[in-house]
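All remarks here apply to the structure that follows.
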């Protein structure tokens, strides 16, 4: 990892901050909490921040909190849902910097987690979850240097969500296997007067994911791993990714005004366009059915929804079975009470993961909960489990600084204002200022 | 109290122009006025009317009229506890900010306007320099400070910085007001045995009524509309949301239901509009004093 | 009543009355000054100056906000910002909005104020209506405009029904148009304040002057041109000052409307600071941008005050620095 050389400093900071926080909380917190050590029934309030503002997720997390409170009468769980970008970019970082962060909060893992761990904001739960961690798929983004700092509840891979009815209407019988198939599908849809693909470039990252996928096809896994570890992007394959993206953009597959379209808000968002039959495809992660369920008038996940993996590009340097993916998890903040770990374990329990899979809002990670996954997500799950190499979303993997510069450069290419070289240059400049 | 004292300075009275014959020969002026009003209120009208439509109607014809009109959206918002909680929070924060800024501001302006002392000019410059500091510039350190003071989540964490950042404008508007009060009044009150404090409370405050109302309304509107500070300070707890925060969260959470978002939005803007309608003439009269200073 | 007394009020700050001075011990005066000005000063210094000072302090560190400030880098953050084309473009955007506001909103607002300052039916209603956008919160206004201007939204379908369907644009999604859409919305939002300020200023124009001119046979336009507008000078200059400051510090509206996009086409210094500083966990860098924003505001304010506003706000900001 990029941050390993600063590990010693990180651990020192972690210890001192933890001590400081303990000292602070001992003095200032509710006396009932600190006054009765040993007695397991002291009243504890846990604050929990997540990004599930829409249904079914919002209700699901509340039901998990309710069930946890029923099992632990001394614990009150205060659950809050926030808009995703606001939560990740503003609320959580600021709350961690202050001395009163939420106890349990959404954790996207990898680069950003590393920075948080280095600063000593995250609780090391390695020992507390040692007995269950082997039963959870894709934990590694939530681990730094062999220590566990959180657990995923969902991990999926990216692919095209598509409208089977619109595909039929355009006479497309097979889902695209190769990039050329995809170009054919785009042409067929356009000929049928259907918007081929919706993209929420207004939020930047949905546009950036196209480049990620091309990078995955252009670069070998070894190159990608090295780039992630050292934040060096001088391999020509990164420029190739931009060239491939430029070619893709030249086919003009997107809806009108995509530069200002948001990913998840309202019927006019990219997910809303797909959910309401106004676009045929959207490249998006495994959470998309959950989002679309909140964007249709009926509040249901549309019946016509299908999924296929990002098409392969014959002859490219990348590993054809490599997939791009990511997940959602939770971490406990360094000063959180021990009940936070109990809640974290509770969320990851097989029963709750089965219930989570049944909501259709994600791909559960705890082994034994796979069967509950609905047929569409089962495809995602199968893709995840059969991949030889899983690359974390590049912006998460590279951290907010380089990741932000990368997404910005890619969005500029979508706006016709950046060359493949510009994107890489922006990433290298940002890495130099790390 | 200041409201009644300033009512005497109605902007519609007093200028002789009014007594001139109304010139009906200029329909052009009315046409312009109509266009101006149309542009100003059309988006607001769209939001309010949209609240009476269903989302299906809005999707089919974005610019149409309610057909048939439905009260469901408004009913849902008005019967939700969250909305009223946010109205209450916004009211508390805005009234508190207004009160704080008017009180602190008039006291400081009093010193600058009516005391002669070394450093007075510097004090005035210090306050006016604050105009150049946007809240945005200081938002991060401010956030850390307030959280470490243990104020986060409390309405005070929004109220106090808003008072601080509204002070420059308040002082700038009030100083000329207080200066303009004739010295004879002050001397007369001392002859009657009043102290400086007595003069301040009983003579100066009532006389500066229009100015106080102006700065009060400006502070109120700014506070009522504030977004960034409440987002950071109150974001953790919906029961302490103010209306702009509530609108933003609601529009995210029910983003598929455009009609509901429009209904929530129009109800959220109503209190400020009503308040302003009641106060409009006082603002104009107060500003007319201030802009001459 | 108060309005008329104020006309006598001198604008300059220099000659404040101090009739009590000979009668009171100086320590008593200082206690009064402290009691009156102390609370305001304390709140102001603590919550405005200290945070701004802290921002300046952060700005010389490479700091991701996590952990202590250790990595002192001097003025590197400043050098980086001033060589970043996106930031330089953001400054240009602020300046475009500043100049356009002065050139478009100013004359428009003066014209409307002059028209409305005459007796006409429904004048009170008119004034209220004009002020409506200013009273709305930025969040509400921006959300409403986003809905209205989305592709095939209400505005486009209105154009369509007027037979102007071909004029429809990607109002917020086209990088060459978004800036002007933003400016139009900002004008809509803030011109009400200008009009109301000018209306307030117009009430101070002595009716005798215009009546006398009228008797002399001057036309309505001549009266406005040679009497009313010159007398409106101080009001115009103060409005312009507020408009300049507002344009330079522009944030809320842009943030919610476009977030600085598409592809940074509408970024301002403040949205750049949020996006490239804070959202990328580059807090030292973001703080440097904040400090640059402050100094640009200060420089423009000083130049403006030294030249245009000399007579109006004598010493308000300038003397502290001189």
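By letter and in written order, the chains are A, B and C; residue numbering begins at 1 in each of them.
Just so it is clear, contacts are C-beta pairs under 8 Å (C-beta built on N, C-alpha and C of every residue); 3 or more make two chains touch, one makes a residue touch a chain.
These figures come from a predicted structure and were not determined experimentally.
Engineer: Quick one: label the inter-chain contact graph as line, ring, star, complete or other.
Structural biologist: complete
Engineer: Between chain pairs A-C and A-B, which one is joined by a greater number of C-beta pairs in contact?
Structural biologist: Of A-C and A-B, more C-beta pairs in contact link A-C.
Engineer: How big is the gap, in whole Å, between where the Cα atoms of chain B centre and where those of chain C centre?
Structural biologist: The answer is 15 Å.
Engineer: In angstrom, rounded to a whole number, how far apart do the mean CA points of chain A and chain B lie?
Structural biologist: Distance between chain centres: 41 Å.
Engineer: Residue numbers in chain C touching 2 or more other chains?
Structural biologist: Answer for chain C, listing residues that touch two or more other chains: 152-153, 278.
Engineer: Using the touch rule from the top of the page, what residues of chain B touch 2 or more other chains?
Structural biologist: 140, 248, 251, 258
Engineer: Give the residues of chain A touching no fewer than two other chains, as numbers and ranges.
Structural biologist: 90, 97
Engineer: In their complex, what parts of chain B are in touch with chain A?
Structural biologist: Interface residues on the chain B side: 55-56, 59, 140, 143-144, 147-148, 150, 152, 231-232, 235-238, 248-249, 251-253, 255-256, 258.
Engineer: Hey, which residues of chain A end up touching chain B in the complex?
Structural biologist: 28, 47, 49, 53-54, 58, 78, 80-83, 86, 90-91, 94-95, 97-100, 102, 264-267, 269, 272, 294-297
Engineer: Mind pulling up the chain C residues that touch chain A in the complex?
Structural biologist: On the chain C side, the touching residues are 62, 64-68, 80, 86, 150-153, 170, 172-175, 178, 258-259, 261-265, 275-276, 278-282, 285.
Engineer: Help me check something: in the complex, which residues belonging to chain C touch chain B?
Structural biologist: Within the complex, chain C contacts chain B at residues 1-3, 5-11, 13, 16-21, 23, 29-30, 32-33, 36-37, 39-41, 43-44, 46-48, 50-52, 54-55, 58, 112, 115-121, 123-124, 126-141, 143-145, 147-148, 152-158, 161, 188, 192, 196-197, 199-201, 203-204, 207-208, 210-211, 234-235, 238, 245, 249, 251-252, 255-256, 270, 273-274, 278, 283, 286-287, 290-291, 293-294, 297-298, 301, 313, 315-321.
Engineer: Which residues of chain A touch chain C in the complex?
Structural biologist: Against chain C, the touching part of chain A is residues 13, 89-90, 93, 96-97, 112, 115-116, 118-121, 201-202, 204, 255-261, 268, 399-401, 404-405, 408, 411-412, 414-417, 430, 433.
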